[in-house]
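In what follows, chain A forms one complex with chain B and a second complex with chain C.
Our next item is the complex of A and B:
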């Protein structure tokens, strides 16, 4: 889902950069306010951890492998969508500039797709579903799935606006593929949340809500 | 990707005229080249711009004295998603052309269009040139230098500090990731092993992800404590010493930037 350079024209890429920068600025404000100085080292090391988590090959039912994004997990555990935005921005910067995974001009779009959508859909999806059905892990599962699925849909729409991939095919391919990978993202988000709630409940921003 | 961390950083520690160049210059030159090739509208002029910029890249790569094999190995790792998007183009129409001519018809009514072939090749040129400059940048510049350079160019303190720490810990987690993988292998567990029940595999992988998360969080806590012991506070930042550019570096920077901008504009304005 990391869009490479050249697949989004410069003008549109700049628009996504502006949107991304607004959210990055808000995430910085969140980092300064919510926990002050402590958040900075925590988020930095956690970003390195998410980077490692993304390297893990996860099984997809029909045999191929994919990898997690982890924005929803970070947002749920740290209790703010901006945690997802901040962590994913750091990860995407390193992936784009060091590894060449995801372009430079389109990094704004990638940050919006994975960081902003991942963080916001992950966090608010989790909160909303938990409010309705009351089950923490089912909520984490649905939020993880939705965060990835909506990211992929947005990615397909952006490529369609750019004219580099037709909308119907993009939605079918990216949508179906990520609807399935999303199940894994959701499943792993739920299992990982369960482990964190059992092993280190104090890490969770809202520990009282999660009873392991 | 994480396995290539040491591979990339090892080459960034080599010594050459390009490696010695100030990281700010390399960062800006790479950015300028990428922006130039992306900014040229989708047309056949991309071929010329691409050729000129690729020649610049090849020259700099040769000056870095890194073997071409390093470039190709890194290229192969990056290509897949881009190639998928490029390869797909030939079967579909795009909004950049008005008429499409079919040059081949495949089973199931799939058609290959001449214009789409051209569009795919334009995308490919843009894609290859831009990733070539990213490869050049990261193969000749140490990560810490790049962050310091970004700081000197005005990246906010919060970012230089977090990126500096993140880059340091990526290596720690790359090692940890390697150990986790070894531990899985010694227990004959492969997440992709289809003879194992799917639920079981998902649970194991989920626990591994949770464990990495907790371990990175705990590492963050320890790092924070040890930073506090060393006087870290609200206004702390990554220490970046002032580093004026040498005369030669300034000349190189101005010349290269002018070359990129002028050649792109000249080709674009050609009738």
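Our next item is the complex of A and C:
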């Protein structure tokens, strides 16, 4: 879902950069207040794992592929939507600057779509669904799916504003493909959460006890 | 599990994925690219045949529409190392993973809440 430079006019791209920078500043404030030093190795491992898994495009029908984004996982594991912003910003910086994956002028939009929306929908979706159905892994799956799907919907709206997609076709096509890619996001989020929770139940943050 | 062991296992898993990705990853357009090509009639919405010529024209059209012709030559474009085939792809993703560990560790180190 990495938007390339050509898809958004420079002026609009700048607006998304401003929004992204506000959330990056909030994420840094979250880190200073709530990300204890014991979390540092976990942040490094999550960022590396998310970078690697993003390179693994999994085929879906219709000659299309998709990969995990990972913001929901980071937000759930580290106990704050801002953790999704924090980790995804770093991942998108490396992808954009070293690998040309995702544009430079539009990196703000990619940070907003994947880091901010992914982190917030993932985190609050997980907390809400877990509160209703009680099952951690089902909640992680649903939150992962929703985080990816809503990121894609926002992306379609941005590209409609940009003039790159007509709105209705953009929503239909982006929504359809990412409804399926969301299953990848949800599945890997649930499995990774299970593995982390099994290995180190103590380092998982609990949604109730967390503030940004 | 001790933190050291947890971190080592985590890094090993990331590196295994990094090495395997070039062999396993699908080369099909991702969801956004596929939607873009379908909307611009370079590919059927529910089909898989990509018309390369129409796809290229659609990309030119996007630049004309947005006026954003910013271009940037990345060091390892699209997770490749120019001149090296599969080996280059493996190396690129492994290097990226290592850079990611170092960068995330460093940034987390300087931004984390001090313990005392």
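Note that the second predicted complex is superposed on the first by the 188 of 212 C-alpha atoms of A that agree within 3 Å, B and C clash if a C-alpha of one lies under 4 Å from a C-alpha of the other, contacts with A are read in each partner's own complex, and residues count from 1 in each chain.
Everything below uses one rule, namely that a residue touches a chain if its C-beta (ideal position, glycine included) is under 8 Å from a C-beta of that chain, and two chains touch if they have at least 3 such contacts.
Quick caveat, the model's predicted, so the values are computed rather than measured.
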- Touched partner set for A:108, first chain B, second chain C, both or neither: neither
- Query: Can A:155 be said to touch chain B (first), chain C (second), both, or neither?
  - Reply: second
- Message: With both complexes overlaid on chain A, does A:2 touch chain B (first), chain C (second), both or neither?
- Response: both
- Message: Is A:68 touching anything from chain B or chain C once the two structures are fitted on A? First, second, both or neither.
- Response: first
- Thinking of the overlay built on chain A, is A:184 touched by chain B (first), by chain C (second), by both, or by neither? first
- Partner chain(s) touched by A:90 [first = chain B, second = chain C, both, neither]: both
- Go through the superposed model and pick first if A:125 touches only chain B, second if only chain C, both, or neither. neither
- Based on the superposed arrangement, let me know which partner A:56 touches: chain B (first), chain C (second), both, or neither? both
- Task: Give one of first, second, both or neither to describe whether A:40 is in contact with chain B, with chain C, with both, or with none.
- Result: both
- Task: Go through chain A and flag every residue that touches chain B in one model and chain C in the other.
- Result: 2, 5-7, 9-10, 13, 28, 31-32, 36-38, 40-49, 51-53, 55-59, 61, 63, 65, 90, 93-101, 103-105, 163-166, 169, 199-200, 203
- Can you name the residues of chain A that touch chain B in the complex? 2, 4-7, 9-10, 13, 28, 31-32, 36-38, 40-59, 61, 63, 65, 68, 70, 73, 77, 90, 93-101, 103-105, 159, 163-166, 169, 184, 187-188, 190-196, 199-200, 203
- Message: So in the complex, the part of chain C that touches chain A is made up of which residues?
- Response: 1, 3, 6-7, 9-11, 13-15, 17-18, 20-22, 24-32, 34-36, 38-39, 43-50, 59, 62-63, 65-79, 92-93, 96-105, 107-109, 111-115
- Partner chain C, residues of chain A touching it in the complex: 1-3, 5-10, 13, 28, 31-49, 51-53, 55-67, 87, 90-91, 93-101, 103-106, 152, 155-156, 162-166, 169-170, 173-174, 176-178, 181, 199-200, 203
- Task: Using the touch rule from the top, collect the residues of chain B that touch chain A in their complex.
- Result: 1-4, 8, 30-31, 34-35, 37-39, 41-42, 74, 77-78, 81-82, 85, 88-89, 92-96, 123, 126-127, 130-131, 134-135, 137-138, 143, 146, 156, 158, 161-170, 172-174, 176-177, 191-192, 194, 198, 201-203, 205-221, 223-224, 227, 232-234, 236
